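In the two complexes that follow, subunit A is the common piece, with subunit B as its partner first and subunit C second.
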Partner chain A sequence: MNSSLILEIAVTILALALLLADLWTPRNLKRYLGYAAAAGTGLILLGSFAWNPDPGSSAFDTMYVLDPLALYFKRFFLFAGVAVLLIGVEFSDRFVTGVTEFSVLVLFALCGMLFAASANDFILVFVSLELITVTFYVLNSFQRTRLVSLEAGVKYLILGALSTAFTVYGIALIFGTTGHTNFQQIAALTGNMTNKPVFILGLLMVLAGLGFKIAAFPFQMWAPDVYQGSPTPATAFLAVGSKAAGIVLLLRVLFIAVPAVAVDWTKLLMVMSGITILYGNLCALPQRNLKRLLGYSSIAQAGYLLLGVTAMSAAGNSSVLFYLTGYLFTVLAAFMVIAIVTRGVDGEDVSALAGLHQRSPLLATALTLSMVSLAGIPPLAGFFGKFLLLKSVLERGAIQPACYWLVGVALVGIVISFYYYLGVVRAIFWSENSGSNERISISWPSRAVLLVCIGGMLYLGLMPNRVVNASVQAVQVLKPTSMPRAVVRF
Partner chain B sequence: MSPLTYILGWPLLGAALVALTPRNYRFVIRTVALFTTLVSMLLAVKMFVQFQTGIATPQFVQKVPWVESLGISYYVGVDGLNVGLVLMGAIVAFAATCMSWEIKTREKEFYFLLLTMISGILGAFASLDIFFLYFFHELALIPTFIMIGVWGRGEEKNYATFQITLYLTIGALLALVGLIVLYIQSGAQTFDMLELTRHIQANPLSVNAQNLIFPFLLFGFGILVSLWPFHTWAPLGYGSAPTPTAMLHAGVLKKFGLYGLLRLAFPLLPDAAHGWLNIIAILCLGNILYVGLVAIRQKQLHMLIGNSSVAHMGFIFLGLASLNLVGVTGAVVIMVAHGFLAALSFGLGGYLFQATGTFEMKEWGGLMKKMPFIGAAFVMAAMAGCGLPGFANFVGEVMVFFAAWKTFPVATIFALWGGLVIGAVYMLRAVRAVAHGPLPGKWAELTDAGLWRKVPFIILLGSLIIFGCVPRLLTDKIRPNAEEIVKMATRTAAPKIEPVTVGLGK
Partner chain C sequence: MHVGLEHYLVVSALLFNLGLLGVIARRNLLVIYMSLELMLNAANLALVSFSRFNNNLNGQVMVFFIITVAAAEVAVGLALIVALYRKKQTAHVEDLTTMKL
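Coming up: the complex of A and B.
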């Protein structure tokens, strides 16, 4: 057995074991299986830190690679998995049936993400994307007695199927023109492929599929409705895991498979990034539903992530990784708080937060820090992440002046975002009418997740050195070709 | 550990303690805030006294690498340019905490934000690393917005919050872009100001690069300092802000923009700066004359003080634009002096508002009879505002006028007119309306400030008078660094011409 697949195998075994255990577990104990799933995933996460695989190892004839980038993202996904499983337990009383199945589906989606982190072949790109997307069809509509949840599931199904069709058609065209699906083999050819329209069309279709995953303009239409309607843990996983899977695949496709094309696409990516930022931030302004607001905000965040991709440099790629890591803690904390606060409340209106600082200081602190971090205010993760992204794009500005305009757009987006992020903070601390004053009890696993997320946001903001170094190391496998060795000076 | 770390660390510790204190323990929260800012102020005074005059290199430095791969380090230290500002910041911070008794609701949050803001302010002026300079400034800026939005006063509070947030965020972000491009273009791979300065002295930036960066810094920092015509956020923002916030922002945080221009923009981008000097001289007349005239028309005291504080920024800009030793030294002196003055005026205005519940000057009159101390302090603040000898402002303004006469004679004449005549008109009108004349019957019950309430005013007035009577305390310290700045900023050697790779700026 190839030891490089050990994480995926472990997650799969865990999921299957849970399915079996569900058969013999009495109904009233089933929510504890969620804890077991989270504990198992947590152990796998801890194990991954103790494990030092050979950086060049691969499986399935290099279809699957286990480089530092893959490992970075695998740990990222495993942490997200633990937190999402625990959010799922908080949320489990709102499911009619299938409490355990929810955890199992989360684990299967997680497995897809772990594969996506290692994809080095368009076939594996497709398989892992499908594993993620198909499980999300079910996860999004899991509250099947609620109309909005079903609506979310159907919307995601239709648009997801469409994007899958694009991706697979694109892969077919790429295979048709190059005769390969392996990234390295395609990379060896792309020098003379850049002028073949069919090949470029195929890549564009793959880009569309990935754009759907990360909710970037013009493939962002589904995000707000699905975010709002889906069960909160599914939304959280969609916001963190699915988006990060899209990003890692985008990085791999652009900078490993087709680095020559990536340079030609800088302008295209810049336009995508700029419009995504503006669209997400502007649409988030009037929102009152927390999950919908986070849906639009996640579109804006996708735009910021694309900023780093447009920089076409190692600095840009590593800042994408750093930003994503900050985003992981931030968004998971936010959704955990939402899952707990909306217990027993219908809908997720911002007004549900009124008086939260008195009902539970921990929840109030977590959500406040998470909003402040998303807005990019020091001393939290989001500030340093945005700083790195802007710096990498400005470096590119010396050879591509349009980057200055893109930075301008990003700054406008940041200014706009202050309004709605701080609006949430305002609702927590300064709402006039607080609905109820009873204290909110939080189970200790959820408490631990919140504390870890708070710690992560502060750690990344106050002591970013180690994570910056780790992300710089992780992106060494990506080789953007266009970046000149030294910065071009005027 | 540098004393600076303690100076900015104590308020931060205070913020953490306040956050952990239950909200009902009002006395504890207030004591923690007062104690930590008092310690910070005493440490700053000690540092100022121990500062060795005549050396241009920074003292009390501490450097801890933070992100090595980008050349960012936590690096604090003071030289002649910022030692006075750190001292002034710490004194105003203590005075502002004293004035926070007027906050009666949600005190825990207020003191948490106040102490965070203080720590950010002191950190911004103590930092010798560009990243941390910005980091601390942003840390101070956000609490400002929240404090105005939540504890602000007046009907236009929400509009004022919106406006000040928009303006200052845009200003800060423009400056950030300028700073990052400066970092990239210098090729020095470090955010350390001194190293960056040395690197740029050895390899000056090309004129194109300078022309690209300078406007970002000028307008970014300019918006933060309320340079005309980007000043409209200031009077209303300060008018709506709770007293301690207005004292801290108008007094200290606002000087950040000037400090950035003085320390980074002028010396590092001399060629671009020369092209802008005339424009700066004209814009600063906008501050002095236009905003001064606006101040004359104000009927409410807080708007008058807000406008006058914007008008005073003009003198500092004029001093910077003159780019000679006397002018730059004078500009730094006014930065320090105006910090005390603005804090004093906003503090007094806030006190009167708390006592009477209004800012309308026509409602007042003869308050001197009932409040001899507050009235006298108000008269002294007004006199300092018109530039009366004996107060620190006079020293700085005289230096600026003498210096600017060489380079901008016409602008100096107008500035003098604005400073001496317009300033005197609105200040004396305010004194007449507030302190003198018949006392309306409804204020018969007013009483003067108690001993504790007098403390902040005494400290601020004392500082103004000490630096007014013994300006050498400041000028001797500033001189070596001002010389350095002027030398770099007036460097005439043409920078190396490099091939231009992009169309930008051509």
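Coming up: the complex of A and C.
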């Protein structure tokens, strides 16, 4: 048997076992199944560190590859899965029914992400994206007694299906012009495909579908509404898992399937990145709803991630991976705090945070650190990640002067973002507390997630070496063309 | 008249654009959803004709995946639209305005 699929198989078996166990579990014990799901996923995560697969192994006739990049993202997704499942348990008192089904759907989406990390063929790209998207339709509308949740689900459904249609048509055009769906076989042909308009149109359509997943301009309009309306754990998974799946697929398509075209698209990606950063940060300024604010912030973060892609270098790609890892800890901490704080409160207004430093110092610390890290203030993960991204773009500036402008735009965006991120910090420490003053009790698994996330943010900010090395190792499979052809046109 | 690859592709492009037009112009969620299915089927038609004229079965395999996924998507999507209708007694996009700045 091919052992390279073992993580996906384990996650699927765990999900099916939970569905079965749900039948025999009394109602009042069902939330413990959520803990079981998190524990199982945690074990799979630990197992993945003990497991040392052959770096060249593949499955389904190289449709699925298990290279270091795939393994890096698989561990990333598994960690996100553990934290999201625990946020889900924290949130489960707000679901009318289907507490276990929520965990199971998270696991199925996780399985889709694990496949996305290994996709080496457009068919697997499509199937794994759809496994993620279709489960998210359900996850986003899971609180079906709340109108906002249903509305978020329907908006995600329409725009998600639209982006799927574009991706599929794009894949059809790519298949039609090259005769292949496998990345390596397409890469062997792309040298003489770059001037075929139909092929480029197909690639653009696939890029549109992936842009929707990572919420980059001009495919970002769903993000604020869906982030606001969805249940908090689903939003957290959308912010971390779904975005990272889009990024890994983007990296694979650009740098494995069509490296020759990727270089031509530097300018396009630069424009996308710059507008995404400015749009996300400017629109976040007037927001009062925490989840909506994080929705706009996640658009801006997608712009920062695209910075690393535009660098078209190994340094740029590895900084994308590093930044995503920092973003993982940061965002999961923020959503865990939101899930706990908004218990018994309608909506997620920033005013719910008033007096949080007295009600629970741990929650206040976690949220403050995550906002400071998102803003990019040293010494946290977000600072070092942004530093690496900007550095990689500056290196590119020597051959493409427009990169200096892009760095300028990114810096303006970062300065703008200080206002709203620090506004949240101000709401925690310096706002009138009109609500209750009683201490918030936190269960120990949630406490552990918060501590791990805080530790992760500090570790990545202060001692980034290990993770930087791991990300450099991981992106070795991506080979950006060393001699960019676009230079000639400048 | 000989029917070649171009004819199929033109029909498929027409279908795709009609679907896109429907998504943009129509206001009823169910009609929008139908238009989305039309777009997926346009891609199916393109894949099948590319397969047929290039003598390469990979495209046909992909069509099976698309049909399966589209069926799952329809099941989830219609359930969602029904749930929304029960809650709000409407299936029009203008009424989806609970969340605004």
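Going forward, the second predicted complex is superposed on the first by the 480 of 490 C-alpha atoms of A that agree within 3 Å, B and C clash if a C-alpha of one lies under 4 Å from a C-alpha of the other, contacts with A are read in each partner's own complex, and residues count from 1 in each chain.
Just so it is clear, a contact is a pair of C-beta atoms (placed from the backbone, for glycine too) under 8 Å apart; a residue touches a chain by one contact, two chains touch by 3 or more.
A quick note: this is a predicted structure, and the numbers were derived from the prediction, not measured.
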item	value
First (subunit B), second (subunit C), both or neither touched by A:Ile171	second
Which superposed partner A:Val261 touches (first subunit B, second subunit C, both, neither)	neither
First, second, both or neither for A:Ile186, with subunit B first and subunit C second	neither
Contacts of A:Pro379 with subunit B and subunit C, given as first, second, both or neither	first
Which of subunit B and subunit C A:Val468 touches, first, second, both or neither	first
Touching partner for A:Leu363 - first (subunit B), second (subunit C), both, neither	neither
Partner chain in contact with A:Leu307 - subunit B first, subunit C second, else both or neither	neither
Residues of subunit A touching subunit C in the complex	122-123, 126-127, 130, 134, 137-138, 141, 144-145, 147-148, 150-155, 157-158, 161-162, 164-166, 168-169, 171-173, 175-176, 179-181, 224-225, 228-229, 286-287, 292
Of subunit A, residues touching subunit B in the complex	372, 377-379, 383, 387, 390-391, 394-395, 397-399, 401, 404, 407, 411, 414-415, 418, 422, 425-426, 429-430, 463-465, 468-469, 472, 486-490
Subunit C residues touching subunit A - in the complex, by the definition given at the top	9, 12, 16, 19, 23, 29, 32-33, 36, 39-40, 42-43, 46-47, 50, 54, 56, 58-59, 61-62, 65-66, 69, 72-73, 76-77, 80-81, 83-84, 87-88, 93, 96, 98-99, 101
Subunit B residues touching subunit A - in the complex, by the definition given at the top	65-70, 106, 109, 131, 135, 138-139, 142, 145-146, 149-150, 165-166, 169-170, 173-174, 176-177, 180-181, 183-185, 187, 205-206, 208-209, 212, 498, 500-505
